[in-house]
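Reviewing the structure listed below.
We just call them A, B, C and D in the order they show up, numbering each chain from 1.
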Amino acid sequence: MIILVTGFEPFTPYKANPSEELARGFDGYRVGEAVVRATVLPVHHAEASARMLALLDTVRPDAVLGLGLAGSRARIALERVAVNVMDYAVPDNAGCQTQDEPCVPSGPAAYFTTLPSRTIVARLVDAGIPAYLSDTAGTYLCNQTLYTTLHAVARHDAPPRVGFMHVPPLPSMVAASGLDQPSMDLTLMRRAVEIALDVIAAG
Amino acid sequence: MIILVTGFEPFTPYKANPSEELARGFDGYRVGEAVVRATVLPVHHAEASARMLALLDTVRPDAVLGLGLAGSRARIALERVAVNVMDYAVPDNAGCQTQDEPCVPSGPAAYFTTLPSRTIVARLVDAGIPAYLSDTAGTYLCNQTLYTTLHAVARHDAPPRVGFMHVPPLPSMVAASGLDQPSMDLTLMRRAVEIALDVIAAG
Amino acid sequence: MIILVTGFEPFTPYKANPSEELARGFDGYRVGEAVVRATVLPVHHAEASARMLALLDTVRPDAVLGLGLAGSRARIALERVAVNVMDYAVPDNAGCQTQDEPCVPSGPAAYFTTLPSRTIVARLVDAGIPAYLSDTAGTYLCNQTLYTTLHAVARHDAPPRVGFMHVPPLPSMVAASGLDQPSMDLTLMRRAVEIALDVIAAG
Amino acid sequence: MIILVTGFEPFTPYKANPSEELARGFDGYRVGEAVVRATVLPVHHAEASARMLALLDTVRPDAVLGLGLAGSRARIALERVAVNVMDYAVPDNAGCQTQDEPCVPSGPAAYFTTLPSRTIVARLVDAGIPAYLSDTAGTYLCNQTLYTTLHAVARHDAPPRVGFMHVPPLPSMVAASGLDQPSMDLTLMRRAVEIALDVIAAG
């Protein structure tokens, strides 16, 4: 069983992105019969999805766990749904900013994620990690990549299960910002990803 | 040089209090020429201050760093001021709840804390720990104990410097609550206390 | 041109619902060539949608503007999307609480709303009314009714345009709660609905 | 009985200040035996207090109700205390920004306000207006003017009672900002000031 884990590069206004470090750290990770293949996606309106679609073809994962940064959330968020809209609050790393455009022009309004997100949330909370089931993945690259992935696998005969975990900023990012915002330690995020992978591998 | 560090017991609605664990962990800690004496105070309208005043007499500290829990704060808070008022939002652990009563009936409206809080905040932020200088320590036991300490030492010839650090809840406390609230790892809080003690010992 | 405006009854833990007063106040309202027919829906897992579907048949509206209460939002929210999920944080007024059930078992994951919500938001902000385009209508009755409406009209040859406006609590509701939450005056909400109706009638 | 009501000019980053409009609107207002004299203070590190001290001499008020804007508060705040510190987060309207300076170099750490703030809060909440008793008036011009007023009257034989009411931004200010912040209608703020004046006049 192969689990594809993806993170993202830093993006405006941040200098770091914990999902990048998380993804790198889990490449080659083994849990039960499963092995993780991990990669870091560019924050780019076209290349993020293109890269993901290529990985689906070459890696042929049984499950995909996307990771991304949500700047003002206090808890780990497992996403329930990806919506067919791009409405960037800030430009991507290529300077592109779109409003109210579809991720896939011909695609349906949304796809539900297919990982056992409810179970993952319950396991995280049991382990003392603040977590919840989220009803919006936003309208930036995280949502877009999640949507395009779910759209791509919708035609597969045996599609991989696909889900997404948003993480808060790191303490150092909040300290540097001077803003009154919640943060979470990388160590705790790692435990959260381990637990999610454990649920997925058992699944 | 003796630094007295105090934490508090858990109080309603919490089952834990990171300031308790922090205080216990620093008893006997050494930094430069300084040694830490640590204790955990009861969340009790009369006994917390009484215990603190006894410690001032027996320990004869050169500096006092109070630690306490602030349930909905996202960052470490160094307190600037203690105000002569008790206005408990929840009862203390003896079931006592007061409103608009003075901590010390004859006392002045407030005392400024006397530790180098601005420097501590700057050092914390430099170290990547979210922190800020706070203008209110609330009106519960943390503020009360800070006020009574500052009031007691105001008549000393060579009073110890006195300050207070509020910490967010632990992740496990937020997970258990089910609330959408910020949290902070105990490891990061420990580093924050180490940095504060380093500044105090150098001071 | 007929515009159907709907509000909701109060629901736990509230004693009032500004969307109820708003809807009642706009019944018979005229703007341009359009006339408003307004009704108040029950907060009931089955009857709210049933009532709405009956209204679509009898009123035969050209546009539907749903109104609802969002307890902790600070601004008027025009909803972008309705998702095929019911996950009630509190029971409905019949005591029914569901988790992760579809609004329509055979339905697609989501529908986009079809009113010119972006234009309405821009007009509201120009008029000095705090407003934004929201990416989640929640998973309670507001979302459910919006979803079932969009699902029902999806098969129409000339479907009415359908959208939804969430409003904050009234000041009196926040005062009664004792919570530190944002509120908005009914007068301002009325102006918001007037502006929305003006955009819809012109559309 | 003379009640002096003061508001403030707009300050960075705002183009308006509801406390200015409120103060102007209450000049000459009568309640019971009391008459209101109202003025608008400059957002200036030296002139605001100087103007207030001159007014105390010329108007000889029996009570002083300061009004000011608190950018991110959701409710009306009656201030409990003024602290002897200026720590401006943004420069005043003369471009002056201070950090950790006393309002009055020789003054005590703080003064409690002397209006019946607890009663005013209770009356506001009864009237359906979100309100609370606040433990910090900040460290900008509002706190500074409140402190210098309380310091000045502390030596009077029959000092006027002095208090302060912070108000949220107006809806139009939040709409213009694009930020997700609470607001309050001027009409509701006017009722809040009327109720406060009623309590003061009865007092």
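Observations on the model:
Heads up, the rule we're going with is that contacts are C-beta pairs under 8 Å (C-beta built on N, C-alpha and C of every residue); 3 or more make two chains touch, one makes a residue touch a chain.
Values in this document were obtained by computation on a predicted structure and should not be read as measured data.
Among the remaining chains, none touches chain A as well as chain B. The interface formed by A-B recurs in C-D: of the pairs listed in A-C, B-D or C-D, only this one shares over half of its residue-numbered contact pairs with it.
Look at where the CA atoms of chain A average out and do the same for chain D: the two points lie 47 Å apart.
If each chain is reduced to the centroid of its CA atoms, chain B and chain D end up 31 Å from each other. Averaging Cα coordinates per chain places chain C and chain D 38 Å apart. Among the residues of chain A, none is in touch with two or more other chains. Taken together, the touching pairs link the chains into one ring where each has two partners.
Chain B makes touch with chain D in their complex at residues 80-81, 83-85, 87, 100, 108-112, 118, 133, 135-136, 138-139. Within the complex formed with chain B, the residues of chain A that make contact are 74-75, 124-125, 127-132, 170-172, 174-176, 178, 180-185, 187-188.
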